[in-house]
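Look for subunit A in each of the two complexes below; its partner is subunit B in the first and subunit C in the second.
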Partner chain A sequence: MVSIKKIITRDKISTILFLIIPIVLVIIFIYICIIWNVVVSFSDWDGLRPSYDFKGFGQYQKLFTNEIFLTSLWNNIVLILIFVPGSLVMGLLLAILLDQKVRKENVFKLIYLLPFTLSFVVTGFLWRWMYNVRVGVLNTLLESIGLGFFRNDWIQNVDWAMFWVCVVLIWQYSGYMMLIFLAGIRSIPESQVMAAAVDGASGFQMYYRIIIPQLKAPIFTGFVLLLVFALKAFDLIFILTGGGPGYTTEILPLTMYKEVFRKKHFSYGSAIATILFLLIMIVVIPYLYKTYRREK
Partner chain B sequence: MKTNKIGSKKKRLPNPKRVFLYFLLILFVFLTLLPLWSAVMTALKTQEALIYSNPIQPPIKPSLDAFGTAFNELRRPILNSLMFTILATLLSCVLGSMTGYALTKVKFRGANTIFLFIIIGIFIPYQAVLIPLVQIIIELGLWGEISGLILTHTAYGIPICTLLFKSFYDSIPDSLINAAKIDGAGIGNTYLHVVLPLSVTPFVVTAVLQFTQIWNDLLFGLVLTGAGASQPASVALLNLQGGFVTAWNVQMAGTLWYTIPSLIVYLVLGKYLIKGFMTGAIKG
Partner chain C sequence: MDPKKQSIIIGLIAVIATAGIVGGVMYAILAPSEEGEADVLEIYHWWTSGGEAAAIGALVDVFEGLYPGTTVKQRAISGGSGITMIPIITALVLAGEAPDAFQMHAGYEGIAYYEADLLEDINDIWTDNNLEAVIPDVVQSMCQFEGDYYMVPVNIHRSNVVWYNLKELEAVGVDPKTLTNWTAFFDACFEFEDANPGKDAIALGHAWTQAHLFEQILASQGIDVYENWINGLITNTTDADISAALDILTTFMSYTNDDFDSLSWDEATDLLIQDNSVFNIMGDWANGEFLVANSVYDDDYGTIAVPGTGNMYGLVVDAFQHPAGVANPENSDRWLEVVASKEGQDAFNPLKGSISARTDSNLTLYGPYHDWTGADFASVTYMFPSVVHGSGAPQSFSSELNAVINAFCTGAANKATTAAAIANLAADNIADYTTVWALD
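Let's look at the complex of A and B:
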């Protein structure tokens, strides 16, 4: 007979076997890497020498007096301020439009979501062609429909480049937000909608008074996801503008990449990465905490 | 759960409003598809035809030259991408499934803590691990190798895969597991004989999501392969525009080649991808 004790040890061993590989990988590739990165940021390591000299907060002091860093931090904030509300509003609009008992709803949904499934590499090239000043899609299109005076230098314009970058990101993310909001709208209990309809609420009032206030949870989720993404956005800007013109669309992940992989400023770059990590954790930890508590 | 389609409970909007509604819907379809449309039209033109026509006009004489040129450049990188994407997708799904199972159906203290500890990985900016990652991959002798990309994508795929599988396994009733336990099945056997056969849907959902994410990656390819033979398609696309003037028809053709595999996945398995997006609600 197998004793209870034996079964328990057997189960313990198999639990460990189930979890050992994923946990080891997560520890090495996530936690050790993050800590290691922080360690590098306190040193003067240049990527070649085998040993580190510790320099304390030197790199961080350098950061906050460096104009490129401050510019890209500011650009990151601008990106958030345009991209996050832009995607939320567009997503909500698409969700409300699709909620009108639309024929072929699934086809529309599939099309609106399509940009989100594309690689940022693809989006980057597609929109470089859209924005091309001399022969690109938008300028020739405007010209051919008689709106030539709207011709624009788009992402080459020092003042507006970041705005046009955000337009691309909104193009890519609206469908995703639509998906989240549509699921939220569809889960509102029908009794409430019925009650409002009986009370004579018009279509607009229905959304404004009854439905949108109930979308707090999906709006919050969307907000967090967009915010985190806005801090991480790298690929698209890398391809679309490379941070230019000048440094007008340069954001933190891009600055970090350039410092490390082009200029070989390893410890300086890792200090930027650490700041980026902290910024994201400030958003994510309360979010996970809240989600986790809600589950309980 | 009580759900409803609000639209169906309301009176249909009067006609002019319906017309306006469809006008808006179609306008957004146009805006969504315009960049892709013009990419196809551009890729079908020769360099000369490009100069004398509008990028959204269909070509007078369609030419596949640009597709051919781009394909010659991208054949190897696309094969590389397919290889590491498929393998890393499979590996991270299997690991995610095992983790998800152990964290939901084997009751032990600390399971929730371990879960949180793992899924934080979904959110981290890859820049924060990039320098050590490159060092590790170099130390392991995997820099510039496909296997380095497989390892990296598998490791960073574990958090999202765990999340997806856990949320699915949470919905499998414990009674099923307990029945197997009473029959004397251990944790491993329960997984193999009870849980795995029920896991077809989450495997498809997770695999589709992972395939898309890994296929679309640029950053890891950029720092882990350089210009070597193991270059992924996303990186090779950057080098397509050699010379002083960008050959836009070739660039667009290359971009389309690179899009095709993920587009096929989306068109065939879009339903599952949507489910993955909704459960994971994350894209990094």
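Let's look at the complex of A and C:
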């Protein structure tokens, strides 16, 4: 028989030690929690009473007849429709601007990326102050430059609150998208750009016909990242509007939080979490599949 | 070596190592500490700001004076209404690590713990200390579940208070004592705005303050209406009393500041202190804002009951309890006795800005505002538990009410939709209404 010493070389021990902790942590805190969440969503557990009676799809049936859940789901869709394309377009525009061989490119990169480095809680408080109707910097600025007639009630406005929330999200994410797109643009062979220039392509044509069509991969990556964030955004909206006015900016994670931690409806909240998980999987699985196939 | 065998051996080593690491960590977390055996009282609360911290400190001083050998460990977790503390307590209670007592609002806020058998009944503390003789009936009900006592109250804040700017009101020739109904109140608002173009008569704040306001307006419709509401009996989507309350709220909103939804409750009160408005409806924790601004009661500002609630006292009550399976059960009981005692309450409440939950407290220790409200506390006909502050209705109802009223105040929902939403909230959560309140 081969001795243990030969099997367990130093390399293998260190590999095991390095892998074991993250694997155990991931299993306990992600996969077991996901499974536990699904189990709870089929029970009547209220968080304190040790009752896990099987209730089948009862919580899910309740979900799809509950007006608050349906409103939150719709708000999530509206958020995706404004925030995802908004961030992609802004990110692309910033990347194109930086691609003009500007001086001090790194300084601009840093400026654009800075919002993304802030925590969402900080961003939430910052913009809540900026949007303040009475003393907020936006209204004060508009007033001081003689554009007082543009004064706005921003996130207090029932019809526009979600839009102004999306503006904050776009502000925070477009710098990150810019980085992804800039890397994509820089990976396009110089020869193609030169050839197009020789053929007389204008700046606009160059981007429209040569560069942007080759950015499919970064656009797809950015799209998936933004979509996943839009589905699970919580902290920023919780701080910025708390879901208000009324329910106008309440999205699924906020509804889930209220159900679980304020009302102690743990199983109902778990059902919302499961729906969110499924929605995110619908986005992520095709992405992973495509990425995996590309690598193969 | 056969790669399969090799993988199996590596796998086995991985499992053993994992078990070792997880076991070690779990032991470190769960092993009983030496501390647990000492004479300790551990309490959790969310009183962290200046006056609040001083108040709980004074209460702890009373306890330590009586039990000098016991070490009191205060775990103060900031976050109004226990927004941060409650999830932590829930986790501790579930893990069997409940502290010896923790702060909660009396009434429905404790029901989840009661239903899960996580609270000990404390009937003997109530009997031994003769508390029923000195604590009002409604407050007694707020401390009970199914006829047994599970909490003792530490203080009472009043919710149905109108704060007014005395100088501004005198300038328009209005006597605050005449504002006993909504018509007179709105006439005064009109007078103020007429005399002060560009100013709003009423200062209002963001979401929960609007629900707080609605609660007071509903009480002004009569104690029977309020009682029906908190008993979950208003389930008609076109209920006339709810409709009347929303009409009053509509008129009210026409006199408020436009930026109400971006102001916190204290920023709204500050509008009144800064002479930018003349009225503010808020619980009596607002008194601290006037004191900080060096405003003098009956000189710079004053108070009346919310119109139509002159014979009522809106209750916001903080309480402590004896959780099941605590490490120091005897100290837990001792703490509850101190909390409920006259000495303890008179040490705590003057600093906290609330009044004692006992009718025999020494009112000379309190300020001029408390002279007024203390006299009312002893003489009003009715008391009603606040819904917005966790006591009067199930959490499934109260936590949604803020958004429903906020939608109405901001114009996101009309009167019919709001009336229907309030009724449906009660109907949809009717199973959670386990307390039957008797307020009259």
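Convention: the second predicted complex is superposed on the first by the 278 of 296 C-alpha atoms of A that agree within 3 Å, B and C clash if a C-alpha of one lies under 4 Å from a C-alpha of the other, contacts with A are read in each partner's own complex, and residues count from 1 in each chain.
Rule of thumb we're sticking to: a contact is a pair of C-beta atoms (placed from the backbone, for glycine too) under 8 Å apart; a residue touches a chain by one contact, two chains touch by 3 or more.
Bear in mind the structure is a predicted one, so any value in this text is a computation, not a measurement.
Legend: residue contacts after superposition of the two complexes on their common chain; A:L225 is shown touching subunit B, with no touch to subunit C.
In the overlay built on the shared chain, the residue A:F261 is in contact with subunit B and with subunit C.
In the superposed three-chain model, the partner touching more residues of subunit A is B, compared with the other of subunit B and subunit C. Once the two complexes are overlaid on the shared chain, A:I21 sits against subunit B and subunit C alike. Touch criterion met: A:G242 reaches subunit C, while subunit B stays clear of it. Look at A:M206: by the touch rule set out above, it reaches subunit B but stays clear of subunit C.
In the superposed model, A:G184 makes contact with neither subunit B nor subunit C.
In the superposition on chain A, contact of A:G91 is made with neither subunit B nor subunit C. When the two complexes are overlaid on their common chain A, residue A:V284 makes contact with subunit B while staying clear of subunit C. Of the two partner chains placed around the shared chain by superposition, subunit B is the only one that A:T140 touches, whereas subunit C remains out of contact. The intersection of subunit A residues touching subunit B with those touching subunit C, taken from the two complexes, comprises 2, 7, 17, 19, 21, 47, 132, 136, 261. Subunit A meets subunit C in the complex at residues 2, 4, 6-8, 12, 16-17, 19-21, 24, 46-50, 68, 128, 131-134, 136, 153, 155-156, 158, 242-248, 250, 258, 261-265.
Looking at the complex, you find that subunit B touches subunit A at residues 1-10, 12-13, 21-22, 24-25, 28-29, 31-36, 38-39, 42, 50-51, 54-56, 95-96, 98-99, 101-103, 106, 108, 112, 114, 116-121, 123-133, 135-136, 152, 154-156, 158-159, 162, 184, 186-188, 191, 212, 215-219, 222-223, 234, 237-238, 248, 251-252, 255, 258-259, 262-263, 266-267, 270, 273-274, 277-278, 281-284.
By the touch rule above, subunit A contacts subunit B in their complex via residues 2, 7, 10-11, 14-15, 17-19, 21-23, 25-26, 28-30, 32-34, 36-37, 40, 47, 94, 97-102, 108-123, 125-127, 129-130, 132, 135-137, 140-141, 144, 171, 175-176, 179-180, 183, 185-190, 193-194, 197, 203, 206, 211, 221, 225, 228-229, 231-232, 234-235, 238-239, 252-253, 256-257, 260-261, 266, 269-270, 272-274, 276-277, 280-281, 284, 288, 292. The part of subunit C that touches subunit A in the complex is made up of residues 1, 6, 9-10, 13-14, 17-18, 21-22, 86-87, 90, 93-94, 112-113, 115-116, 118, 206-207, 257-259, 261-263, 395-396, 399-400, 403-404, 406-413.
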